[in-house]
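These are the structures in question, set out in turn.
In the two assemblies presented below, chain A is common to both, partnered first by chain B and then by chain C.
Right, the complex of A and B next:
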């Protein structure tokens, strides 16, 4: 981290201000969504538990590993770019984007399985939140993959930093969604 | 005045002030009809009065925006407006359209005619020929200011202003699409009504406010621009999906209840940021600008927009609350303070700032102007409180206890009397404002109070 930190003057905000504004806004939205989810869950704990039993915990746990690994690669890319290892950094960004696609494939399989079981967003309030929260998150994964490829192409350190910032937010949101939606008994 | 084409703004502001007078007088009449419902019921029915009240509001605010654009773009771009002639042609088209609308509404001419008759969708009732005229005028305007900005210096203020004005003009095109299905009709209708006032107009508001802060406080442009970008990001992030707070119970899918509730709750953020922006700039600013009235309106704009649009909006934006309060006097309370705070105050701020500059004078009639601020503001805030109480009583009696609409209306009659009184104060304040702007008397409040001269 020491090389990367040296690019910022002491006391200055690391990363792009606008990216932080976006990250805070996103966390507010997903946080509010999770709060609403838990609030509505209080009104029907049995129904929520029953609905939750239709989810694939293993697939989601696997996806957690995929996304965190991808986030690690994005962070490495920024550090490598900082010491001038451009090809290595680009490779790491491409790897991070590829793992993002893997996440989407696993997620897509889960959605397809739900559809096959005849489960839709209005089957139960649980699934309204399930589709809203994981669907919004998946849309951010798509945006993140595009962004990672974009900063792999235009690979100024500032750009890679902004891309990694966004990608860590996507990571963080998933790490919050996973226990609350999939595990909370 | 540095550029002679800024003069265009003077005519726009003058017409806007004329319509402002008509708007508040229409509001006063509508307020009286609430108290005494048979007033003019044959000659000028309530629905027509209300239509004139809301339509003239929208038109004068837009004329104010156009005037503000013609005033500030030459200074920001450091060049004259592309074509003065086109700017006056644009105004002419809008004035003819407005007169056509008023005559069509009041005498109910050509009822049901596809081209000449009024169309009956709230706020976009204009006959089709007027809508077409509005589009032509908007195209002329956008062409004119875009050419000016493209050839001149580009600043964050003009970029955001153009983004907002282009957005609002393009969204107006949805007024030509009128599906037969009522739910679909409303869905597209909100693309205009919501995405104007809670999207593109906010961009216009933020950029004009940023311009005023730049001029009045003398804070560095980089600081102002940073705030501007954050405000605009917050406005678009919350406002676009915030449209969902109109889709709760109109036949659109149920997931809109959560999307609308969550995103529209965040709409308070850009309004809070604009209020904070205005105050922080004034605290940081070293310039002691002599136009105290414009500063008062600017700070009032940020503050009242935060309460009217932000707080009073949040009050009934969650779908569980809105299920009960929808379409009660709570909505009227929010509508009045939000429009007054965000867009009326903004226009009056830029007019207070621009008019002395346009007439090559020192700021004049400042005491009268500031008195008009306090009259209009206290009248409007009182009206908001009164309507909020009326709406709370109405919600309980009508929506919780299930009593008959007209019985409930009788029970809140006292509030309607007080609202009329508050409205009267607003009208007097508006007349005072127009007088103080139109008739310069005293040049300066106290000689030598200003160290840095106005520009």
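Right, the complex of A and C next:
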């Protein structure tokens, strides 16, 4: 995955193969969900646009910055661990996990705002997809935070590499999910 | 190869592209901005794959992911414009 690891043959997938199986599987699941969302939108584009206007785009855009910064810290942690800078690597992983918690706090505020407006998963098909896709993604963020803290503790380079790969997958899904759910009204 | 400098450049690009996407969504009618917003999302996904996940070291895999994600974004755009 990096200059710290020279065990991968040229051109081969970097890191753990099973993590790539997971990454591709998750992309397929979320991709199918987003395509279904856009397909159902065809039946009621005006209703979908009206429902989308209740979302807090600024908070979601802020969360994009939070996640890409968190991914940056996780990637740097792996590089630092590869050159033996364990305290720096652990600190970066803790920072990445903390930003994951920030993401969840912003997401929680967004859900609380919807609840205060009387909006639930069955208010409109838009919100069924909204809660399903963003909730499933948030569950991955929770898992990722736990994983980052775990690999900060058990900090073998391969562990950090796998943890960072999972976290980048969460990041990758978000940059595709955000414009479709929040912006294309 | 992943380096600290490459990662920092990737992070700055990701933040910059996110700001451009936000500006597009706020400053243009959404049906006009939609292609740009999806293109920016595609670029961000490619940066994450190339630099954070280090697919820069596996160019054939990077091309495969890029092609698949491009088809995905094109389909999303088609469905959006059809609605």
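As a convention for this text, the second predicted complex is superposed on the first by the 176 of 185 C-alpha atoms of A that agree within 3 Å, B and C clash if a C-alpha of one lies under 4 Å from a C-alpha of the other, contacts with A are read in each partner's own complex, and residues count from 1 in each chain.
As a working rule, contacts are C-beta pairs under 8 Å (C-beta built on N, C-alpha and C of every residue); 3 or more make two chains touch, one makes a residue touch a chain.
Predicted, not measured: the structure shown is a model, and the values here were computed from it.
Undergrad: Quick one: classify A:184 as touching chain B (first), chain C (second), both or neither.
TA: It touches chain C, and chain B stays clear.
Undergrad: Just chain B (first), just chain C (second), both, or neither: which does A:108 touch?
TA: neither
Undergrad: With both complexes overlaid on chain A, does A:129 touch chain B (first), chain C (second), both or neither?
TA: First partner only.
Undergrad: For A:47 in the superposed arrangement: first (chain B), second (chain C), both or neither?
TA: neither
Undergrad: Does the superposition put A:25 against chain B (first), chain C (second), both, or neither?
TA: first
Undergrad: Looking at chain A, which partner touches more of its residues: chain C or chain B?
TA: C
Undergrad: When the two structures are overlaid on chain A, which partner does A:36 contact: first (chain B), second (chain C), both, or neither?
TA: In the superposition, A:36 touches chain B alone.
Undergrad: Please give the residue numbers of chain A that touch chain B in the complex, ascending.
TA: Contact set of chain A toward chain B: 17-18, 21-22, 25, 28-29, 32-33, 36, 121-122, 128-129, 131-132.
Undergrad: In the complex of these two chains, what residues of chain C are touching chain A?
TA: Residues of chain C touching chain A: 1-4, 7-8, 10-11, 14-15, 18, 21-22, 25, 30, 33-34, 37-38, 40-41, 44-45, 48-49, 51-55, 57-61, 69, 72, 75-76, 79-80, 82-83.
Undergrad: Chain A touches which residues of chain B in the complex?
TA: Against chain A, the touching part of chain B is residues 226, 229-230, 233-234, 237-238, 253-255, 258-259, 261-263, 265-266, 269.
Undergrad: Given the complex with chain C, which residues does chain A contribute to the contact?
TA: The touching residues are 1-3, 8, 10-15, 23, 31, 34-35, 38-39, 41-42, 45, 48, 57, 61, 64-65, 68-69, 71-72, 74-76, 78-79, 164-165, 168, 171-172, 175-176, 178-180, 183-185.
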